[in-house]
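Just dropping this structure here.
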């Protein structure tokens, strides 16, 4: 894979502008905190995009030139254009990787690709989250110890209404008694989806060493790998040639 | 499970009215051919519904009282109301079983639940299909030999654009050189989906002994099994009580 | 499925004879505590078997007449005859259900069927375990609320070295910061395996209402469903007939 | 992943010495035909090993230094030392990739890792096999069109007694009416297994362009990716520190 991976980090970029507490943690926006680490990777070309830009940050051209799309959103799910959400889904079908983070479990593109409600339990208590690796040896957990701790996070709890993951990568523990499938992969068409839970806007999660390593691993895992186009619809028997 | 299973067999019911050839094979409609066998089961209450009825055959009350919904459609996918398709999806999330048959791989409810394009290869050549059991011991294959033959069917070929099935039940062979994952299950929310391929409108497939047995097995497998409601959204720690 | 399910509850039956504390909790043995509830089911015929019996409790005839085998073991894994373990595996391949409980994650039959090491983390601290349902609507969780609590249990923690489960049914939470995939299903041949975690010998877990309900559900889910024998090895084309 | 992948191609190397027909197709042995293509890859270091060598070709040192092991065997499954088979299994658990080819569906290491019987249907008729991609966009199918044809092969047919694959990559079509899951992946411990069907000893399958590309892709997919060791067994709570 000599080709560099073209990553677009998309962020609704609303909390950081409205909420002083969030702005303090992510002065340049969540997207920049994520992009910063990816730009330091030797095999990635990284751009950012936000909801307030023309075409909501994702023109057809940008989408076409994106190998892996990272998606952070929360308050503004409803503002994302239905047509854009459908385009993201279709690009995944054609091979693009998608990494929905944290509250993107309710984002339009993720729900379109899953076919479930994405519902879960939550509580903003800012206590510790412990992430346990359930898939050692998987590319997404490369270099990650068998668990790591985030000192302050929002709680997400089961039941998480998702399709049975193709691969379950992490399970999270929360001090209130809850557990959560916090790293999950699925294939959709020729594309790959990696949902990764951590990242509440009021905590510096995207500066955490392990979270950053997992996201970079996830980008490499989700990158397209050169699938020739598939023939669909009416088909003449290959035996008749 | 002493309760009887309430089955609704839904059919767009278009080909049978427009096309003399189809009418000859299914004079009462495809839905009646399917319902006939299910009505003979001791544990099922069966009704039929068609697109030309009020509420497209599926009022809220009918949907609410349906444990397992069978769906046959082809020409009229686009005529199904988007809101109805979303209601079917939501009922599956709450526990209803859904059995999309044959060309329902492109029906709105199935695609909403899968998140993929449902695309495939096809050819109407009316030659034999051989279905091989890949899951002996599964309730859906109870009483079915390790393969069975349908003398005349339409060809469907891979790649079939679906999520990796939770369970792959049948693979079909076609004489033109093609193969197809023709029996697949998925869970979505508290509900179950069983896609079953055979059933082109010009062939008497739904009178076939094995096809009928598989559909009846599928109904039993997909029937809800008494799931208590799940608590979602804001959640107080159970340790604080 | 009018046929009754023939259940054999197998227990190594060692702790209860050697350890006064365990004997107090399970005076008749763990097998009797489990069997007691199953005997009260209208659709089950239940027998028990223990390691100290002739043929280690599982003669060919008993195995042949067992639809679902429940397996509790801990100290005496090594004493189980390799040939018996292989027979149990082969019976599962032919359709028998197997429900390994708790420390049976290291039992010979389970490891033979999984192909992994079965390793995990553990700690005997007797604190609470909370089990969360990750598969609402599954027959094994019928009637079970979205979580239940066992006040005193041994801790098991990830990574649990098992193949990716076909279906993940429960995840457990422990107060020391650990999580565990505590309800998992797999198919092997025509048979079904349901691993269920709870049941340390020093706690009255098998008298718990929810644990008992899950095991009874598991028996029904794992029961064979009438699979015709499959043809293997040299095969003449069915098209040549 | 700057590190080169250390590949060992193991072959029982019996047919090629006993059977003139096979020797004509593979004068240097099947292992050399496979190794030839892998040696031409810029990212692989390739060695071969055969049953007739000391330690059956796989000393502890060789195994330890193998990232991905390819395994071809047929007549001599029974001659492979049980201890060696167990060592191969254990190395997979620790992260080694294993690629069992063709008749290795009955090899000891594969069966130990699967927990099933590996049984199937077969017929040596030397007719065409068509392999259909069921997973476009997967690294193993990179650069492979949606199907390819092998003009002469042995037939393998379903039911193939394997655990439900984590990912189904290829399904094969045979002219006698059969189908087969001919490309399947599973994770076991920290290691990866890719079973790939083609390769009967009397046909030049391992010189086929597509087969060679799939095997090279499989090696890259199955290569270990730097998993830190996992802590198992007795575990002190991380919250007590």
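Letters A, B, C and D mark the chains in the order given here, with residues in each chain numbered from 1 onward.
In this section, contacts are C-beta pairs under 8 Å (C-beta built on N, C-alpha and C of every residue); 3 or more make two chains touch, one makes a residue touch a chain.
Keep in mind the model is a prediction, meaning the values are calculated, not measured.
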{"item": "Most distant chain from chain C by Cα centroid", "value": "A"}
{"item": "Chain pair, C-D or A-D, that carries the greater number of C-beta contacts", "value": "C-D"}
{"item": "Equivalent interface positions on chain A and chain B, same or different at half", "value": "same"}
{"item": "Between chain B and chain D, centroid-to-centroid distance (C-alpha), Å", "value": "36"}
{"item": "Gap in Å, rounded to a whole number, between the CA centres of chain D and chain A", "value": "33"}
{"item": "Multi-chain contact sites of chain D, meaning residues that touch two or more partners", "value": "130, 133, 136, 146-147, 157, 159, 164, 166-167, 177-178, 187, 189, 230-231, 238"}
{"item": "Residues of chain A that touch chain C when the two form their complex", "value": "130, 132-136, 146-147, 157-160, 164, 167-168, 171-173, 177-179, 181"}
{"item": "Chain A partner contacts - residues on chain B that touch it in the complex", "value": "89-90, 93, 112-117, 119-123, 125, 155, 157, 159, 161, 163-164, 166, 175-178, 186-189, 230-240"}
{"item": "Contacting residues of chain C [partner chain B, same complex]", "value": "95, 130, 133, 135-139, 141-147, 149, 166-167, 187, 189-192, 224-228, 230-231, 238"}
